[in-house]
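The same chain A turns up in both complexes below, where it pairs with chain B and then with chain C.
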Partner chain A sequence: MTTSFSLALPGGQTLGHIGRRLGGLGLALLLPAAMLYLWQLAATHEWVTPLLLPAPAMVLQALVDLHDSGELWEHLGISLGRVGWGYLAGVVLGLVLGAAMGLSKTVEAYLMPSFKAVSLVPVLGWLPLFIMLIGIEEGLKVLIIAKAVIVPVTINTVKGIRNIAPGHFEVARIYRFSPLQTLTRLIVPSALPSLATGLRLGLANAWMALVAVELLAASEGVGFLMVHSRQLFQLDMVMASMVVIGVTGWVLDRILQSIEQRLLAWRVTAY
Partner chain B sequence: MSSTSTLSLQGLRKTYHVEGQALPVLDDINLDIAPGEFVSIVGSSGCGKSTLLRLLIGLESSFDGRILLDGQPVAGTGLERGIVFQDHRLFPWLSVEQNIGLALENSPHSPREKAAAIAEHIALVGLEGFETAYPHQLSGGMSQRVAIARGLVNRPRILLLDEPFGALDALTRANLQQELQRIWQQEKITMVIVTHDVDEAVLLGDRVVVMEPRPGRIKRIVPVAVPHPRSRSDARLARIRDDILRDFAQAEVPRLAEHPVEPRFEDYAFAW
Partner chain C sequence: MISRTRLLTRRLILAGLAASVLAPIAALAADAPKVIRIGLPLVGTGNRPVGGSWNFATVQIKGSLEQEFKADGIRIEWNNFKGAGPALNEAIANKLIDVFAIGDLPGIVGKASGLKTKIIAADNRRYAYAIGVPADSQARSIEDLKGKKLAIFKGTAIQLGFGKFLSRHGLSEKDFKIINMDSNTATAALATKDVDALFTAPSALYPLEDRGVAKVIYNERHDPAAANDRGQAYVVATEDFEKAHPEVVQRIVNVLVREAAWSADEKNRSALLQLWAKSGTPFSAYRRDYEGQGFKEALSPLLDEEFVANIQRNVSESQKLKLVRGSVDAAGWVDRKYLDAALKSNGLTNFWTPLDAGGKPKK
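On to the complex of A and B.
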């Protein structure tokens, strides 16, 4: 499973040996552990002033404080609410748009070039215009997140539908499927793997767009917590916010991944 | 005449239009198929034999002439006609029994009758114990057995087979040919098989329709008066095969391939 490379360590061991002993998880934790060690080393020897690089223990303490004061959950709740609404809007619009373009060449001919042009302007590129148009209230966050979600959901929906084997459509015709039967028995299950990819990419995009928009225009949320702490020069809080953002993003992806695995059981067993 | 035949083709013509040019694929096909008969259609590539089957199943709709099933003109696809393609076309996200059940989506039977029909046809093709297997777990031969069960589960008046064993290895093919012979005798169903394998055509068919290409025409119809079940080592079959093979002996005139007229996605996007 792991290719051993012969970097000799004290005691005649190689990194490959250690990796095998620890298993896959141990291997994955090796780099973070080394980084953490280096960080601790830098903090104790004050290679960088503690004002700029707080020790790991301080960051952990900041996390505990955030949890104890309830601030963490307040900000996280607000952020997740924004992601929830923006994601919902983006997924619904993306699925409808993707299905329309996937099923009809005419609709695609009308919409695809404009869609591509819009999607090529990154989320943050829309921010100044949107702020001018709708201000910096909740609507802005939801709109920005929805925009970030629509693009991958739409593209993967179109792709999923286009990749359905023509022969399968013939089977549907031979057994006289109605349009509804063709949709539920053929198109949706056949496009599902691609849809799932779009939904996961969309969620990752949503989370990144949220943090970006909260950094730039917000008065609550984890992104705001981070930028606000930086203004107060509380670097431990900044790094604690980073941890929260990273872990939350990872958890969200894991949730979608487990749903995907359940829905696509026929496919997972193929490998 | 047509009242006694299951399937009757009268003056059938089909022309494709490629880049503004008329390309005749089938020209004046006349054929009557009796109830319970097994007819093989054999020809080299480009003779329109697959197109003929697509017309019979109803996937192609524009043609000249008449296609009568039990005296009624066919229009579009219908559950009274079943088909097995060379690629099994099973849905990979459905199990064996669910795939067979697809054919019964629009049949008027009750769920219990459907379940019974599915179980019966799984037994017919010898796949008991694989009801809940998925297509990726099946070999090519097993997949084709599922496709045959799916084609038969509606108890169609006629089963069409489009080079059903063309993608299988020789041993599996020989095995499935015997199986098909057994199923045909057991079910007493009219079958039409299209193949480029003369051995297969002679082994299975009561009559072998030999086609010639450009445009596709019937060259001659060879009766195979050997009772079923047949053995592939039968000397009478060998003589008929050699006779038919002489039709294909002339060296083919070299020419560039025509545009393959394959269905594209757009053909289905609005078809339903």
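On to the complex of A and C.
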């Protein structure tokens, strides 16, 4: 027991040391690197037929081809446009709904149970109804993305406002803040951390909903690229699309994270 | 005690001897598969595992293979893929299928990707497509549908048929809003007018016309310009199965050839369409789909010059439309030995007329 423990400890320490040296990035890349190695191993030994699991080099080549033909940027642009509009609509609606429910107990009493019920029904359930209402074109895609965004944004907005200490409102009253001042100087800054969580969750949801909705009915976009490549038995293209979808989602999250850090910078210095 | 032990030893030796003599015989018997796994890219309405239009569909509905292999205790396992050819290709790559029938595009895509298979007979080689629009649509031709929502089932033979159709009219997929849908979803979407048009098999559209929700504005079968652009389906065996069980493959081809001969007889036409109607597509829809098309020609199993030339042409069409990477040598893909033996043993050697590369009877 003791030996194995003392053996494990220095090992862990060195690993942690190296990790610190290389920064967070090194540690973050450890798992993907291991997966990549396993994938390459599986490909060279043909544990799975290359028809279904192409080698990493083939997937890289597919990515290069997609880039060279311009197809990648065309599809990605269309997908990002859909996410942009859906996200914008979802955020605006989510903030309004969340603020209304957060600020007024009455509004919450009226809306929250229905909101919860609606948000718990998966997108696939709404699809036939949505198609009947607005057809299967761009509007449907934007609507489904917006719906995926509204839920986390609303809930985190409500939570952010609810968690403001009641004392802060008393101080605001003593200083005779106008309602606008209360909003800009108290509510928004206090609720910002929770709001930011909602916005980031919303973006992650938007990106996942996009891929789902492009799988269903579309003729362009990265989700479509993935499904169409599968129809044509081009699994390297499928995996290349998966890489593009994963990397794009990660980049979008990083962008939002850096915006969040900038906006919350005052909080860090305050401590 | 000793004698007993000796007796036992002697018995053991005898048993061992017997086993060593009998083992090869047992192995020979075990050589026959317990099950033949068949893949078909056909489903009926409501995705029931029954199709129509293909000779292999007739064989499935009649249970002819079950009959052929019943005495040997070999089970027939049918796999009807609602995801059609693309789903079938994945199952073949996963080694889940032994013998299958497949249409033009997915067949070529699978072979070009490196699936190890051999074509052992032709199936329906006179496949035509049609365009349906909602009943109140103003569209009268493909030109009227430019910029509109048009549904096709991508990755299947329909996409290649559509590509060839568009080339004849100097159009491309970019002239439309193409929506990818499987056959049953697409017919539902046309009925609810969620799409402005549907390009698919005529037999899938006529029932909608009969219900008054759609009309067929174009049927390739009546278009002289499309006479040489018919879709083809073929029967294929995986090389693994074909090498391990050539005698089983031979018996499957025997059955296919006998059924094709039965269908070729015009007096069986109604009976054949009745069988196909078990897929849920009505008898009348098949009757209109194949109006003026004899089944002796459509279901001829011959791997003749026309058949090989059509595959080669479809390979280059698919390459032009960027639907396939790599290439396929049609002549090297076809293996005639089972078909030739089946025709001979069934006395059908001169029953079907071989066609030349231009589709004319070969003298």
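Throughout what follows, the second predicted complex is superposed on the first by the 243 of 271 C-alpha atoms of A that agree within 3 Å, B and C clash if a C-alpha of one lies under 4 Å from a C-alpha of the other, contacts with A are read in each partner's own complex, and residues count from 1 in each chain.
Criterion: a contact is a pair of C-beta atoms (placed from the backbone, for glycine too) under 8 Å apart; a residue touches a chain by one contact, two chains touch by 3 or more.
Keep in mind that what you see is a predicted model, and the values were worked out from it rather than measured.
Engineer: Please tell me which partner, chain B or chain C, touches more residues of chain A.
Structural biologist: Of chain B and chain C, B contacts more residues of chain A.
Engineer: Touch test for A:31: chain B only (first), chain C only (second), both, or neither?
Structural biologist: Touch partners of A:31: none, neither chain B nor chain C.
Engineer: After superposition on the shared chain, which partner residues are touched by A:52: those of chain B (first), chain C (second), both, or neither?
Structural biologist: A:52: touches chain C, not chain B.
Engineer: A:120 contacts which: chain B (first), chain C (second), both, neither?
Structural biologist: In the superposed model, A:120 contacts neither chain B nor chain C.
Engineer: Output check: A:251 vs chain B and chain C. Expected answer is one of first, second, both, neither. What do you get?
Structural biologist: Neither partner.
Engineer: I'd like to know which partner A:137 touches here: chain B for first, chain C for second, both or neither.
Structural biologist: second
Engineer: Residues of chain A that sit at the chain B interface in one complex and at the chain C interface in the other, please.
Structural biologist: In the superposed arrangement, which is not itself an observed complex, chain A uses no residue for both chain B and chain C.
Engineer: So in the complex, the part of chain A that touches chain C is made up of which residues?
Structural biologist: It comes out as residues 49-52, 131-132, 135-137, 217-219, 224, 227-228, 230-234.
Engineer: Which chain B residues qualify as touching chain A in the complex?
Structural biologist: Checking each residue of chain B against chain A gives 57-59, 77-79, 83, 85, 87, 89, 91-94, 102-103, 105-106, 134, 136, 262-272.
Engineer: In their shared complex, at which residues does chain A touch chain B?
Structural biologist: 103-105, 162, 164-179, 181-182, 185-186, 189-190, 192, 266-267, 269-270
Engineer: What part of chain C is in contact with chain A in the complex they form?
Structural biologist: For chain C paired with chain A, touching residues are 86, 89-90, 93-94, 106, 109-110, 113-115, 149, 154-156, 177-181, 189, 192, 194-195, 323-325.
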